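Quick heads-up: structures coming right below.
Consider the two complexes below, in which chain A is the common component and chain B and chain C are the respective partners.
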Partner chain A sequence: MTPGFGSLIQDVLWCFSQVKGTIDTGVTESDIISTVEFNHTGELLATGDKGGRVVIFQREQESKNQPHRRGEYNVYSTFQSHEPEFDYLKSLEIEEKINKIRWLPQQNAAYFLLSTNDKTVKLWKVSERDKRPEGYNLKDEDGRLRDPSMITVLRVPVLRPMDLMVEATPRRVFANAHTYHINSISVNSDYETYMSADDLRINLWNFEITNQSFNIVDIKPANMEELTEVITAAEFHPHHCNTFVYSSSKGTIRLCDMRAAALCDRHAKFFEEPEDPSNRSFFSEIISSISDVKFSHSGRYIMTRDYLTVKVWDLNMENRPIETYQVHDYLRSKLCSLYENDCIFDKFECVWNGSDSVIMTGSYNNFFRMFDRNTKRDVTLEASRENSKPRAILKPRKVCVGGKRRKDEISVDSLDFSKKILHTAWHPSENIIAVAATNNLYIFQDKVN
Partner chain B sequence: SAQEAPRAAEMEDKVLSPEKAEEAKLKARYPHLGQKPGGSDFLRKRLQKGQKYFDSGDYNMAKAKMKNKQLPTAAPDKTEVTGDHIPTPQDLPQRKPSLVASKLAG
Partner chain C sequence: MFLTPVVPHWPFQNMDTMFVRGLKRKCFDGEEDIEGTLAGIKAIPSYNLQRQSLLDMSLVKLQLCHMLVEPNLCRSVLIANTVRQIQEEMTQDGTWQMINTQSTGQASLDRLVSTDILCRSSRDQAEGKHVPAYGTFNKDFESDQAQDSSETMSTASSVQAPRNLQSNVWEMENPQENKGNFQKSLDQIFETLENKSPNSVEDLFSEVDNSYYDLDTMLTGMMSNTKMGHCDNLETFSTPTNTASNSNCKSDLNDLDHIVEILVES
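And now, the complex of A and B:
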């Protein structure tokens, strides 16, 4: 089994592994998956949905008897993380939808993750219990109290094995710190702090303290009429605990250094690609809005996703990205209808593979795209029940832009814009990916020879 | 529709990028679309997500109007930032937490 390092797209054959969720003709809104995230070892895979629920899958141990079968992901724990609320003071309905889940690195037997909705971040502890004490003196096995006067013999309770129970408990609730809607959370490499970002502000928290947070970025103008841009995503540098980036609705990225000042309104670096003013249209700003920003594992690059492209930026070069990949440029001639049906505002995420050599992002019609940064090859794959035979190899898909459509191609006008892949995740070291297709979670792996 | 004719003539003069062609299409359908591209309208709408009532006056006006069973509707115009109509408590769906387990865990 080869790890994902240095793998080329044409050498990797992606195969169907598993699909979670039901085949429904109508999708219940609360079942829509809103975030997917592997933990740092890839042993656990968490999903959050619009109904405020978290489901965690665990990879089963690989069996020596079946070396050709890679470990499958089975349900490990599920819990209700957030519930709908109504803020009566502001007359604001607060959705329970889980916007993001981020894992903490494991430091003991228990697992910790942060989950957030629009307003409140929670730290959850997920732990196993496989033993329980038996043989109490003062209560019997059902828990009923025994009459002390009837006890004549003392015994020492012993721990006996029990069926594995996985419990999730909320350990911290970080509330009331965001006036606007939280779009990102990011755990710092110091493992002591994390940040939460909303449309206009970013706050820094200590995991131990829930009643205070430091505001580190505030772009709210004194006069809201002058509002021109909002924060769309934010992330800490993977190694430098003083550095973070945030992206904006105007397509720019700011890198900030917390050592420079307590309030990082002045950026240390400002990344923006120059635009040709003659190309400017009504849609320019909307499609340049960055929906996701991710540091590479190496910490040398950042990747951004806007409506039509994925861009890779070198931290040392602010004036333009070093790589630009077209996700679905054929949509440029559909912008009018995509604006009318609001699809132009869809927020796609993007991910790096473990070695930073391949990047992946979603599209419509349940298609997702991978770009190999070294060979410059790309591939379009589809998450579909039709390709869901075990270990079936995924066939590359192609969108036909006009002229003669070949047999296996799909025309732009036939694309299903309600089937959008906004959230994907890549295992930290292996070629295993998780793709959320509305209410279904697909897991794909590379072919093992 | 009457505005489409002069615009079509304009388009024939130069080759438009697909994006500009789409923009012309949109402006033909919504002639009153904001002059500022993208801009504050979208941002304000984004910041107001989840807002049910503007203020208590809004709420009481809506309750009074309910007597006539007439709900005011906004113009089907893309520049409007508010929703379709002023919601009343009866319109708001009961927000209850999901009691059903996720189907992913099934």
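And now, the complex of A and C:
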């Protein structure tokens, strides 16, 4: 059996850990997971779905009694973040689907996260309550008010322990700032501001102020008929609070410095790879559209995902990426079909591991791919119920392009394009990954020796 | 009279293997039996048919969007850019006239229908079974191609006004489900457009006359001259004897442009 892939010195073997979600063959649309995100310590894992709900999982403390069960993730809190709305001006529905969740770094006992749908960003506070006051004077234990004239004795309420309750409360609602659909939110390294990006504009918010935001990027043309390019993703630099990047549907990335001007329409750096004339087709622009952009943890690189590749760029070199990885190049000859059934517009995300040595992204047929930047080895794994035995090692998968198909390979025409892995997340410091496959969340860990 | 053979352009190299499999075989068979020039002529419709069908598919996509929820702007922009790219290439080639003969108009109607059917069936299947769907597609191509080559060889310039997309739309008012949906979608598009408040900040139509909202005006292609723009280039490709199809070419490009522009704006 072929091993996994090399990561630094040892080979990492990925094992199934858990799966969340129903096994029903029919998928309820509202259960489809639309975003996955670990918090900064990896203790919490949040998912958002098309129904506007957020589910937070917490990693349980590792116990000495069961060392092989390394910290399983269990449901910690579930709440309805966004509700469907109706825009009466345009007679259009506003979907409640959660597009992105971003955690704030923890500063006290409570956890804070930002969740957004197409139009509105919300700041949620998730906190624990394990004590409750008992012995009120003016109301009894059931909460019913007492008649004040009947009270003869006064007492001081005391806090008594109770079953742990996790409550989520919306602390801020940042609304009415986006005409177009929000695709990204990013918390700034100053922890005081964050940005929200839609198709044509990027706004800067202060967490404390909800009734105004600053517009820092605006690419809306004066005449909408001249519109040929939209913003597809945006992110703040992990350390420099003045720097951010945004990607476009034309395959370009712009790095902006907020110190230069209030409106960052003029980029500080412009990243674009020259087109390969031999590969040109009517679909070239569509497949060059960047669906996700992520800074490395070090802040030195950015990674972009377009339809067929993942690219790593050095911030110091604008004219081409330093690394390009083919995710599923066998789809290049199928672009017309994929255009027809709209799969060519699927927006895949990409993630770095904690040490920036491995990158991961999803594909079709519930496959996801990992690329080791040091050894240049890659592996294709599958998130499926068949591989769901506890601690079962994931077997690498292979897609057969043409000619003879080997026994374990799958041919391109047999791929299930309805099973797409768009959202994945990597624990900030350990080899634990969360993979969203439609309505199921898979958690994989590396093998414990 | 000989038509100059046109070598198929590189953009469609990728599409050859799966998109026009049947067609290519036929081309090769033809080349074995017939002279070079005729084989070249057969090559022209195949590329143009491919490109035309991609154009049709793109226009269908722009129009068949979910009108309950705001359409995805990124997707619309990418499709609109593809349409523009095809249009530009077609005007540069000067093949715009050839495509809009009566027979090809008929073919484009069929293609439009089959594309729509394929779009639905492949969505329903969504199992990656693209090849069978294109099997049907190929049959349309093969029957159309025979028709096309006979038409293009004759100097039939006396054919009627080319069928634009719009007339295809109206003719699709049949009980068939997908055709009904097509018409319904167009209605919904224009309803949505009409609902836009004239005072909204994002008033995209402030400088445009209200005939945009008029379905009839839109579809008969008799728009005001506000958006002629690059359509003027078409005049360089006109031949003196073809004045009728010429103005129709222009209005066709106008119509397509207007559809694209309006739908991108909405």
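We adopt the following convention: the second predicted complex is superposed on the first by the 434 of 449 C-alpha atoms of A that agree within 3 Å, B and C clash if a C-alpha of one lies under 4 Å from a C-alpha of the other, contacts with A are read in each partner's own complex, and residues count from 1 in each chain.
The rule we apply is simple: contacts are C-beta pairs under 8 Å (C-beta built on N, C-alpha and C of every residue); 3 or more make two chains touch, one makes a residue touch a chain.
The structure presented is a predicted model; accordingly, all values stated were derived computationally and were not measured.
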Practice item. Report for A:Ser414: first if it touches chain B alone, second if chain C alone, otherwise both or neither. Key: second
Review point. After lining up the shared chain so the two structures overlap, which partner does A:Glu96 touch, if you call chain B first and chain C second: first, second, both or neither?
Key: first
Exercise for review: Identify the partner contact of A:Ile322: answer first if only chain B is touched, second if only chain C is, both if each is, neither if none is.
Suggested key: neither
Exercise for review: Kindly classify A:Ile393 by the partners it touches after superposition: chain B alone (first), chain C alone (second), both, or neither?
Suggested key: neither
Practice item. Have a look at where A:Tyr180 lands relative to chain B and chain C in the superposition and call it first, second, both or neither. Key: both
Review point. Which holds for A:Met162: it touches chain B only (first), chain C only (second), both, or neither?
Key: neither
**Study point:** Touching partner for A:Asn341 - first (chain B), second (chain C), both, neither
**Key:** second
Review point. After lining up the shared chain so the two structures overlap, which partner does A:Ile286 touch, if you call chain B first and chain C second: first, second, both or neither?
Key: both
Check your understanding: Hey, what residues of chain A end up touching chain B and chain C alike?
Key -> 90-95, 118, 180-181, 199-200, 224-225, 227-230, 249, 279-283, 285-286, 289, 332-336, 339-340, 345
Practice item. Sort out for me which residues of chain A touch chain B in the complex. Key: 20-22, 30-31, 33, 47, 49, 51-53, 55, 75, 78, 80, 83-86, 90-96, 118, 180-181, 199-200, 224-225, 227-230, 249, 279-286, 289, 332-336, 339-340, 345, 439, 441
Check your understanding: Which chain C residues qualify as touching chain A in the complex?
Key -> 10-15, 17-19, 51, 54, 57, 61, 68-70, 72-75, 77-78, 80-82, 85-86, 115, 118-119, 122-123, 126-131, 133-134, 191-192, 195-197, 200-202, 204, 227, 261, 264-265
Practice item. Report the residues of chain B in contact with chain A in the complex, numbered from low to high. Key: 17-23, 25-27, 29, 33, 37-40, 42-44, 46-47, 49-55, 59, 92, 95-98, 100-106
Study note, to complete from the structure: In their shared complex, chain C is touched by residues of chain A numbered 87, 89-95, 118, 179-181, 199-200, 224-225, 227-230, 232, 249, 279-283, 285-286, 289, 332-337, 339-342, 345, 364-365, 412-418
